[in-house]
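Below: a set of structures, written as structure tokens.
First subunit A sits with subunit B, and in the next complex the same chain sits with subunit C.
The block that comes next holds the complex of A and B.
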């Protein structure tokens, strides 16, 4: 009987926490609805792959060459070409953001093409979105080079190409941005449940005094911690399973690594995130402050400092150092490798070790602070 | 009427600011975030680690490879001498790409044939891969042009001249810092307003407010004021930081920017109040705000261009206030766009603000009284 008692207490706590989650629609929404919405948006809607980019062409002197050049763009799915008759009209469209780039063919395009080496084509891009602008320049250059080559071959002019670049892209040969964004979302989704939801739910209990009430009962610190963490752990893993299933079955992202490695790493990451959420709530004990801090210290970094969107190696050294305390960073690296490359131990082991370290740190610190409060 | 509003506004500010930590989290973190994220958020690559597998060692390959070593973008991680070393380097993320030069490279080039430069690149992050590949192509095409000129060959007869408007050096930091100005304004405004009604309701003080002689419209305005003032203040602060710290140019007119800020903050306040009056607890309100914030950021064109989205999703972005605000911010800061060119962004924003504030007012009258 004596050995049964702590288990009964724990079960009671678990039941209480689970009921609390189930009765509040906002927890379920954060754990399942938001992840699903994000997955659908990133899977179907949002991507970094240019497609149907509106590009204007200024053709002042229509002719066979100009038509064939513009035609080369019409065949590509990257572009949605529009033709303007005057430079004025084209520039106005670029200014009004109707097109993101403008290809201006000079009036004597055909003659210059045959005669001299001077540029008959000017490319103007809207540089506000620098990344898209640069990719657009690259695409235009590519289409131009192919078209020119064909044109010259037809006229039997041989031109020298000293070096040709032959690119082989590993792991993601079509360069589908979905293949790395959707696995990365896994990390964002688990951060939502682990850090944000946990921080807010516990902060609420502190604010309302129900946690203090719990502390005066005979339950131990460990029981409280397990009772708190386990239900959210289950919720977070549920979100993970949903995310992985949608990534693989719905969006056709390859999963080349093994499932058990993914499960182990996800467990470590979720524990680190939960520990962080717990710590935020214990330190702040105020829902609003906990929510703000969870967004600023956990959620936004998971998006911006984790390597999910932006390359960590290119960040300034100071920011690069900061990324090391972002748990999401390690999990993003693991997830991208597991999905697209496979079980590469040289990548997985050090990152998993870092996750384990962070989980131990956050959970350990939370436990200490919680114990301090009881004493 | 005015005295009522003033009293209510003061009360709301006191409720928000009586806690020192609440004051802190409203002002300090967004500034730190802008500093950290402003440096982090960029698609530009400046440290592409690469390895070289040179099977030629002729003068042409040396000349070509020297250009990569001289480039500020590329960092040479090492030379390899066997084919089977490549896989481990890329798999383990030691390098992003491996340049492989075939054994006949120099011989091909001197004979006027085309030499092959094989680029093996890690596609796990497809965006970085694509940008790095673009950089490789640029270096190679400059090499080609120089080689053709030096050896008197017949090159391509013409070239493109490319120019970028508004951002001549194509710095993606300018794009993201202006985006962060919008993002942080929205986060702070929404969090502040969404808690306003819900917290009073949770503590039971909202009913007391309802039995005062205050008109529901007055309560609504009183609740909207902290979010509005804090939002405008926050937006000004981060905008100043963007200009004076990050050196983002400010080309447009201040009054157009503030018109945009005002409409946007009002729209965010409206959404926040709607969520707040629907929520039963503070927790629901804050999580509800989050449920709106995240898709709003994803759909806004903050990082992923709206042009790349599928048509159905593009339609969805039309109701996202952040979408218009980001265009206004980037328009005013970078393009120097005036009222005439931002008019088409300002009126939808005003419309969204009117709709959300109107709905919030309706909810105040119809939902809150009954509880």
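The block that comes next holds the complex of A and C.
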């Protein structure tokens, strides 16, 4: 006999969950403080650009040409050049990691420039940090080519470069890594709330025996699920609004797409993450295990396999295939496109469809597995 | 249908764990009498919790059916759940919600109309005595108060059938008495039917009817008097010299025709086979002291034990002979205090335990028992005062003292994924035993504690009684002078408790000093001397009879009728409300 509307029970569950969130400092910390810290860390601290990189120059025969060449580097914000007189001194500095790379101008640098219309240089890079090494190599070559061309033009000597490459960079002309890191962090932050926090909170109900007491009331499985999803959905969206606001106002990342598209896609992604979190906790029923699985299955992939830090295209083929089951991958693509390029439907629609599919899968499976039984 | 509130027909339920099938219920059939409290008792693993969960719709039976208030539980669980109240063993209160907020949640879930709430809440709060704490977070309530709040949440929509799964486990005697008063009121005022499972036999005795489960089947069902009635004329109190009662008990237990022999005060209580009497003349001759036997009325506990025991089982008794490595008292505590910040957990406690004595430490939750215990084992440094264990001052030589003591903690503290044998040999090595000596001790432990047949099994999968025996064996590997037992029988069924105490008695006879904490008042009777603690202080100390004599007598209750429980409650109440 039902004397009450069923939504009364749902309201009770929602109120209970909200009170718990408000009183638990750790859920507020995970939803708001941690995202803000990550944003500040990545926005200010971590940069994949090279700036003020210490580079050593071994100038064996000082002269006008050599000075002009080193000067070309001094004008750039990317380098902080230091000059050594001997190859030996330069090598010592490289070994001691005082400089990340070494450019050697041989004694006949000026002569060869005049005679052969070329100025060969040797570039030594510390390969311990492979990423910086490759960047440095490219930058040095670029500066060298520009300088050589200018020198030769000044001497009115034509150079034998058959094709002139004019590079133009779209969407992020300054190549600021912050512009794609900060939007990507949104995804990591929402994974924290959606998968990790939800998995732990629901597993806690199993552990403390609160769920057993709940299950013997006339509450339905749908009410239990919605009573869990809705509060954490609001919490996750709150974290997202904070992250977007920080990205735009604090870090000046352009937001070229429409807000409503972002909101719809974020909803889909958050539902997928929540579904995954619930599924993990329903299967494990243990806070510690649920936390570990959520970190391994949701949080780390959001960092490493989503294209947020590492380009998916340059991953080994097998890993590239695996990224297709990482929901964060689709959302990272959407978010980076929305922020830097705009509403590019050809990108957004297929990725959003993938998110919708994953959300349906995880939520549907959670619904099937959660029974009003304790077996 | 005004039929039974709960009936079961041919219920079967089997669980699978680690590839083994465990039968919890096999063809269980019963019908509950409406409007009374029915107690559900039985040894561990008898199927009590499984039956409760089946009745509440949390489990589906493999075969058979359960009918609650005329509804088939498996077919219509939601309808059943809206008319029953079920309180699981560990009721899951939301600890970060206040008392009121917890009530609100369950009122919402049970569909209590808003208009009816204030009156219902007031009624429940008055009944449970929680009215002054309505805004307090549930996590900040004491253990007994939490249990009462759990009961209030279960009752928020007055149920017609109330299922309580061991509601009084780990609850101190005062709170236990209050919980029972609430249950009786519900039954008498609201004609509620209550099914309550319990490990306390004195609680079962207070029920109108008792169901005894064993191996998933009903062994007996009827009023508690029916359990003890067949034993009329077969129960005796045997008294010898007060100081030798333990030896008297051991001798009696070996006599033909004796089904059960337990210590009670300075005497031994025995249950005889039909038509037999304890042979006091023979006893007097063997023991060299006058022994007297008086007929006493049978108790519920006697019926329970004889029903389950069937024929008497021979319990292997650990043979020990310890010559103390010290002189004087085994444990000496003088002005011991322990402070945690502003809070004085133990204040100026003094007592002494003689070698070979069984000394009990009793108290409500939060009385300072565990803190005292930890200081005695050298796990926690005292703030002030003196502690000497086995003649060693713990402040200076805690490590040396620890070599002389064995410790068995409240929770199962062995490695669950090692076998019994592996656990024992690990502990032997941890205590520095090697080679032939370690092997000899291992054999001794497996024999003395009846562990041989399951020695290769993973300890985590062993039945609770086995685990507890294994833990005790591990604590005795290095032949300690003193054994510390922290609530060793918590959650253990009455039969296993009896076996456990038979072993403790044997150890004490062999010269081992035993310090034990417990919640079970009948176990206090087994101690030579005991101390009752409250709020960090000792309220009374002495032999069980001395304690009963010290307690203020409730109006009109003759001293002979006083149980340890009434003495305990009277002492605590006298402290709380000094005249």
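Heads up, the rule we're going with is that the second predicted complex is superposed on the first by the 358 of 375 C-alpha atoms of A that agree within 3 Å, B and C clash if a C-alpha of one lies under 4 Å from a C-alpha of the other, contacts with A are read in each partner's own complex, and residues count from 1 in each chain.
As a convention for this text, contacts are C-beta pairs under 8 Å (C-beta built on N, C-alpha and C of every residue); 3 or more make two chains touch, one makes a residue touch a chain.
Just so it is clear, the model here is predicted, and its values are computed rather than measured.
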{"item": "Touching partner for A:333 - first (subunit B), second (subunit C), both, neither", "value": "first"}
{"item": "First (subunit B), second (subunit C), both or neither touched by A:75", "value": "neither"}
{"item": "First (subunit B), second (subunit C), both or neither touched by A:314", "value": "first"}
{"item": "Which superposed partner A:155 touches (first subunit B, second subunit C, both, neither)", "value": "neither"}
{"item": "Winner by number of subunit A residues touched, once subunit B and subunit C are compared", "value": "B"}
{"item": "Partner chain in contact with A:42 - subunit B first, subunit C second, else both or neither", "value": "first"}
{"item": "Which superposed partner A:24 touches (first subunit B, second subunit C, both, neither)", "value": "both"}
{"item": "Touching partner for A:34 - first (subunit B), second (subunit C), both, neither", "value": "first"}
{"item": "Where subunit A meets both subunit C and subunit B, residue numbers", "value": "24"}
{"item": "Contact footprint of subunit B on subunit A as seen in their complex", "value": "24-27, 29-30, 33-34, 37-38, 41-42, 44-54, 94-97, 100, 112-113, 116-135, 137-138, 140-141, 144-145, 148, 152, 157-173, 175-177, 179-180, 196-197, 200-201, 204, 284, 286-289, 291-293, 295-296, 300, 304-305, 307, 309-311, 313-316, 318-319, 322-323, 333, 336-337, 340-341, 344, 346-347"}
{"item": "Residues of subunit C defined as touching subunit A within the complex", "value": "53, 56-60, 77-79, 81-82, 84, 86-97, 101, 104-111, 113, 150, 153-154"}
{"item": "Residue numbers on subunit B that touch subunit A, as the complex places them", "value": "19, 21-22, 25-26, 29-30, 33, 36-37, 39-49, 60, 64, 88, 90-93, 109, 112, 114-131, 133-134, 136-137, 140, 143-144, 147-148, 153-168, 170-172, 174-175, 187, 191, 195, 199, 279, 281-284, 286-288, 290-291, 294-295, 298-299, 303-305, 307-310, 312-313, 316, 327, 330, 334-335, 341"}
{"item": "Of subunit A, residues touching subunit C in the complex", "value": "1-4, 8-9, 11-13, 15-16, 19-20, 23-24, 205, 208-220, 372-375"}
